[in-house]
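Naming follows writing order (A, B, C and D), and every chain is counted from residue 1.
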Amino acid sequence: MSTYNTAFTSDNIAGVSPQVLEAMARCNNGQADPYGRDECSKQAEQMLSDVFEKDVSVFFVTTGTAANCLSLSALTPPWGAVLCHHDGHINHDECGAPEFFNSGARVLTLDGADSKIDPEALKWGVRHRVGDMHSSQPASVSLTQATETGTIYSVDEILRIGAITKNSGLRMHMDGARFANALVALGCSPAEMTWRCGVDMLSFGATKNGTMSAEAIIVFDKTLAHEMAFRVKRSGQLGSKMRFMAAQMLGYLENDLWLKNARQANAMAAMLKNGLEKISQISIIGSPQANIIFCNMPQYCIDRLLEQGFSFYHDRWEPGVVRFVTSFATTEQDIQHFLSAVHQAASFAKAV
Amino acid sequence: MSTYNTAFTSDNIAGVSPQVLEAMARCNNGQADPYGRDECSKQAEQMLSDVFEKDVSVFFVTTGTAANCLSLSALTPPWGAVLCHHDGHINHDECGAPEFFNSGARVLTLDGADSKIDPEALKWGVRHRVGDMHSSQPASVSLTQATETGTIYSVDEILRIGAITKNSGLRMHMDGARFANALVALGCSPAEMTWRCGVDMLSFGATKNGTMSAEAIIVFDKTLAHEMAFRVKRSGQLGSKMRFMAAQMLGYLENDLWLKNARQANAMAAMLKNGLEKISQISIIGSPQANIIFCNMPQYCIDRLLEQGFSFYHDRWEPGVVRFVTSFATTEQDIQHFLSAVHQAASFAKAV
Amino acid sequence: MSTYNTAFTSDNIAGVSPQVLEAMARCNNGQADPYGRDECSKQAEQMLSDVFEKDVSVFFVTTGTAANCLSLSALTPPWGAVLCHHDGHINHDECGAPEFFNSGARVLTLDGADSKIDPEALKWGVRHRVGDMHSSQPASVSLTQATETGTIYSVDEILRIGAITKNSGLRMHMDGARFANALVALGCSPAEMTWRCGVDMLSFGATKNGTMSAEAIIVFDKTLAHEMAFRVKRSGQLGSKMRFMAAQMLGYLENDLWLKNARQANAMAAMLKNGLEKISQISIIGSPQANIIFCNMPQYCIDRLLEQGFSFYHDRWEPGVVRFVTSFATTEQDIQHFLSAVHQAASFAKAV
Amino acid sequence: MSTYNTAFTSDNIAGVSPQVLEAMARCNNGQADPYGRDECSKQAEQMLSDVFEKDVSVFFVTTGTAANCLSLSALTPPWGAVLCHHDGHINHDECGAPEFFNSGARVLTLDGADSKIDPEALKWGVRHRVGDMHSSQPASVSLTQATETGTIYSVDEILRIGAITKNSGLRMHMDGARFANALVALGCSPAEMTWRCGVDMLSFGATKNGTMSAEAIIVFDKTLAHEMAFRVKRSGQLGSKMRFMAAQMLGYLENDLWLKNARQANAMAAMLKNGLEKISQISIIGSPQANIIFCNMPQYCIDRLLEQGFSFYHDRWEPGVVRFVTSFATTEQDIQHFLSAVHQAASFAKAV
C-alpha cells in the first residue's frame, strides 16, 4: 500500500524497471570489448535503427544534459545560436552547459503557447540578424517533446517547425527527455515524430522512464556520426564498460517495455488530472497531455499536503502554482491515496 | 574452463563484480531523491570518508576522463599548466579533454624512469617560465598511481613529489584509475598514499576493478567542493538517479571487495610475470608491480598467439613490445592456459 | 562646410583627435621595450591612477568587446552569471564573446527604465537560484555608463547598484564605452562614478571619443591584476608595440582632451535634441543625457533624409524609431545643416 | 650616432616606419564606415589580392597571437590537432591561446633540423592515431616562415610539406610573423611561397617589419571567410575604426616599403653574422638566413656586453647561447658599433 510520503516531484525519483536490471545482469557475462565495440552495443544500435525505421548512429551517454549539449554542439558552430522555447530545459536548467560544450554558442529563446515554439516566432528567429557579425547566427532549433510543462507537439506541428527550420538552412534537434510519453500519447511512430519531420539528432531519453542512467543520442544524419565519436570521448562520456549502457537500452526496448512504462505514467497523470478537476478549489493550468500536471492550488491546501509528507514542487513559480509528475512506477493506489489527501486538504479550509 | 579467447587487452573488458550488481539491485527500492541527495549517496560519501580517515566531499562520475578533467579544472586556472609524466593518460588518451574542460589550460610533460615523475624534473617544471605571461603557468601536478605501465610510486616518492608541489604553491592531483592495485601492492593506508602527501583531489577509480561505471572524485580540500558541484553539473555528469552510482561504490567498498579484487588482479599479473620470465625468448620490460606487464616477445610468437584468438596490445609501441593487463576477473586457469600457449608459441619457432 | 552626407550612425565613424595622432608620432622614437614594459605605458598607467585617484592596474586592449569580456572573465567563474540590463551591449552585440571568453558563463538580463538596471530587479537577480547547481550562479553585475540609449546613471544610482551587488558578494563591472560622456554630464569625478561605488573593473572606452583603437581595462581591485596579464595575452590582446596604445591614451588624457571631446559630443547632441523638439512631427524618446538620441520620426521624413545622403540607424527597432549619435568631431554646422534638412523633410509631407 | 644601449632582443622593439604613420594620418579624414566597410579597408584588401596574385579575403587583427589562433581555429576542429615544429611560436609562446581559441584542440609537435618540420616526421604526424577516438585527430599543419630561429623553408620544401598535408586531407597554415624577411631572402613571389604550395591561411605579419599593430589574416580558401568574420568579432578583434589598421597596411605595402624594410633587416643580420664569424671565441649556430642569429659566446663576453648596456636574450637556452635580432630600423652604424664592442669584449678575457 502506498504510504504518505509518495512524491510527485519528478519522474527521476523512480527506480529502475526490473527488466532493465535483468538485462544488465544478463550481459555481465565474461569479457567484452570496451567503448561500444561489444555485441550488446551493436545489438542496441540495431534495435534503435529498427525502432526508428532508419539506419541510425547511436551514442549512449549518462545524462540528458550530455545528450542535449553534445547534440547541439554538432549542430551549431561556436558563433551560432540555438533557438528554443523560453521554457526549454536547455535554457533554464543546464548551468551554462550548452555554452560550455560549444565554446560560447548562445541560446536564443522564442515564445509560444503551451511551452511550444510558435511557428511565427520561429520565422522571426531563423532570420534574427542573419549576416550581422555582431550577433550569434541562428544555426539550430531545439524542441522538447513532450515539453517541460507536459504538453505535446502534434506531428503536424513538428512538421511545420521542421519545414521552417530546414527551409532556412538550420539544423533540428529534439530534446526527448520524455520522448516515450509523447509518442504513446500521439499514437504515431518514432519515425513520424522525428526524422520524417526533419529532426537531425534526438536526445532519446530513457532514464526518467525506466533505465538507470542511459540516454541515447540518435544521429539521423549519419554525416555527423564521425565527429560525435570524438565529442563524446572528450566530454568524458565514453564509458569503458559500455555494454551495460547498451544492456539498459535493450531491456528498455524489449517487449515494448518503454511504451508500457510511458503509458502507465501518462495514465496515472490523466487519472490524477481527472481527480483534481473535480475539486473546486483547484484548477488545472494549460492542457497537460503527458505525465506532468501544473495546477493552481490554495496555499493552505499546499501546506497541509506538505505537512503530511507529500512532496512536489510548489515554490518555483507564481504563488499557488504546483507541479505533479508521475512515472512508470506510479500506481493507481498512489493516485487514489494522494487524491483522497488532496480532497481532505481542500475541504479542510472550509472547516477552518 | 578458460577458452582460447581470453583477452589481456585491458582491465576494462571485465564485467562487474556480482556484489556490485547486488548492491544496485538492493537500492532499487521505491523513490529516492535525485542528484545525490539520497541516502545511498550520503552513505557512500561517509564510507569513503571512513576509508580515507578524513571528512571528504565526493562526486560520482561515470568515466576516468571526467574524474581527471573535472578535478584538474578546479586545480588549474585556464592560463595554467598541469604537470604530469610524459606517459600520463591525461597527456595521451583524452582527445583534448583536459584542455576542453579547462578552457585551454595546457599539459606540460615531465620525464622520469618507470613512468614516474622524476623529482628533479618536477623541480624544473614548477619553476618553468613562472611570471612570463607568454607561457602557461605551472599550477598543478597530476601523478598516476599505479602508473600507466604498471609501476607504483612508493609513499616516500609521493611525499617528495608532494613537498616540491606544495612548496611551490601548486595543487596536487592523483589519477587513481588503478588506485586499489597500487594500495594493496604498497600495503599502506589510503590516507598515507594521498592527502597525507599533499594530494588535494583524487580520481578514485573503481570501474576497472569491479564496478560498472562509477568513479569517485574525492575532494580532500573541501574548499573546492562548492565549485565542483557546478562543474559536475555543467559537464553533463550530474546523474539524476545518482543512488545507483553510490550503490556501486557501496558494493565495491563493502567487505573490502575492492581490496580483494585488486589483490586478485595483482596476483594474476605476478603469476603471469613469473611464467613469462621462464621463457627465454621473452623479456619483461621494467619492474611491473601492479596488474600491467610490458614485455618483449618475438614477432612469430605474437602472431601465433593472435592466431589462436588471444588478445593483447602489440602494435602500439616499438616492434615486439606487448602489454598484458589482468583484472579481478582473471583466474589462475586463465593464466595457466595462456602461459602454456605462450610456451608453445615460443618453442614453435625452433621447429620452423 | 558640412556636406549632405554627414552621418549620425555612430560615434565610431569619427576619425582620431589630432592630439592623439601627435602623441603616437612623438613616441615613435627609437627602441622601446615591448608588451607594456616601456616608459609610455608606465606613464599612461600613472596618469590613469591620477585620474582615478587610486593606484590602479591598466591593460590596454583594442576593442570594447575585449575590454568587457576580459574584465568579466576575471569577475565571473565559468558556472557564474553576469547580470546586466536587457539593453546591454554585452547581451546584444558581442556574438557570444562573453560566453566564449569565459568558458560558457551566462548573461542574465534585468529590466529597468531608461536602459538602467532597476534596483528591485537587481535584488531579485543577485538571489536568482543561488545554490541551485542546475543554474548559473549570480557572480557579477555589469552596468553601462552612459547606457546604450544615451541615459546616465546618477552617482546615487550607481551607489545603490553597488551596495546591492557587494552586499550579495557579487563583483561589479562598468562598461564605460562612453565613460567620458557620462562623466562630463554628471560633473562628478571619475572616482565618484566608479570604485567609490564598488566598481571592481572598468572598461574605460576611448576609441569612440578620440583615440584610434585604445581601450583601457582599469583594475581597481589589484588582486585581479595578476591573472589579467595572462588573460590578456592568451586572448591575443597583448600588443608588442604597446607604447603606441599607451601614447594614444596619453594624448587622450593630456590637457583634458577627453573631457573636452566628450563635452563637444554631448553639446552637439543637446543642440540636435533641442532642434528636433521644435519639429512637431518628431518626438524624442526617453531622456537622452549623453551623445545618443532616439526619436520617433514619420517614415516619409526618414526616407527623404536618407535620399539626401544622411545616414543614421532607422530600421533596427519599431517602425519610425531612429537613432542619432554625435561625436567629438561633430560641429555646430553639422547640426544646423542637418536640422535644416529635417525641417524641410518634415514639412515636405504637408505639401505632398 | 648609435649609442651603447642598442638592443638586439627582438624586432618588436623598433618603432613604426614613418610612411606607415603618414598613411594613418592621411586616412584620418572625416567620417568613415566602421568594422572594415570603409574605402581604406577595401583598398588594402585589393592591394593584398594583387600582392598574392589571387582574390583573397583579409582580416586585420592586432597581434600575431590573434592571427595564428584565429586562423587555426578555422582550420582545426576542437577534437583536432595542429601539427607544428617543436620550436613553433604557437607551441611555446602563446600561453595556451591556440587551445583557448579552439575549445581544447591540441598542438602536436614534430622534429626537424633548423626548426623546420621534417617531411618524414610530418608523414608520421598526419597519420598519428587517425580514427582513434582517444586521441586528437591530425587536422592542420602550421609552419613558420621565416622560422623562430631565423632559418627559411625553400619553396621546394614548402611544396613538399604542402603535398603531404593535402594528400592526407589536412589544412595548411603559415605563421608569417617574419614573412617579408623570408620572401626577400628567397627572392620568390608571395604566391609561390603560399597558396601555390597549398597554404589555406596565412598570418601575414607586418608589425615586426614596420607597422604599429597590424597583422593580416590572409584567407586563400575563401570558403573560410564567412566564419572568420564571426570568429574575429567574438574574439574581440573587430576594431571599429578599422580604417587605421588598413592604412597601416597600405603604408606598409606602398612603394614596396615592406620589401625594403625586410631587406634592410636581413642585410644587417648578415653583416652582424659576418662580423661575428671573424671572432674566434664565437661560433654561429645553424644557418641563419633572415634577421635572427643564434651563436655561442663565452660567458665573460656576454657579461661584458650586458654591462655596457647592450641588450639581447642570453639566458633562455643552453649556457652561452645568445640571440640577436635585427630590424628594418637597424643601421650599419648600429652593427659596426656593436661588433666593435663584441671584439673588445671577446679579447678582454685574454688580458684577464
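Just so we're on the same page, a contact is a pair of C-beta atoms (placed from the backbone, for glycine too) under 8 Å apart; a residue touches a chain by one contact, two chains touch by 3 or more.
Since the model is a prediction, treat every value here as computed from it, not as a measurement.
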Chain pair with more C-beta contacts, C-D versus A-C: C-D
Longest centre-to-centre distance from chain B, chain (CA-based): C
Centre-of-Cα separation between chain C and chain A, whole angstrom: 42
Whole-Å gap between the CA centroids of chain B and chain C: 52
Averaged-CA centre spacing for the pair chain D and chain C, given as whole angstrom: 34
Residue list for chain B, restricted to those that touch at least two other chains: 78-79, 94-97, 100-101, 103-104, 133-134, 230, 233-234, 238
Of chain B, residues touching chain A in the complex: 6-7, 10, 12-16, 18, 21, 24-25, 27-34, 61-67, 69-70, 94-97, 100-101, 207-208, 212-213, 230, 233-241, 244-245, 329
Footprint of chain B on chain C - complex, ascending: 35, 77-79, 102-104, 133-134, 137, 227, 229-234, 238
Contacting residues of chain D [partner chain B, same complex]: 78-79, 81, 92-101, 103-106, 133-136
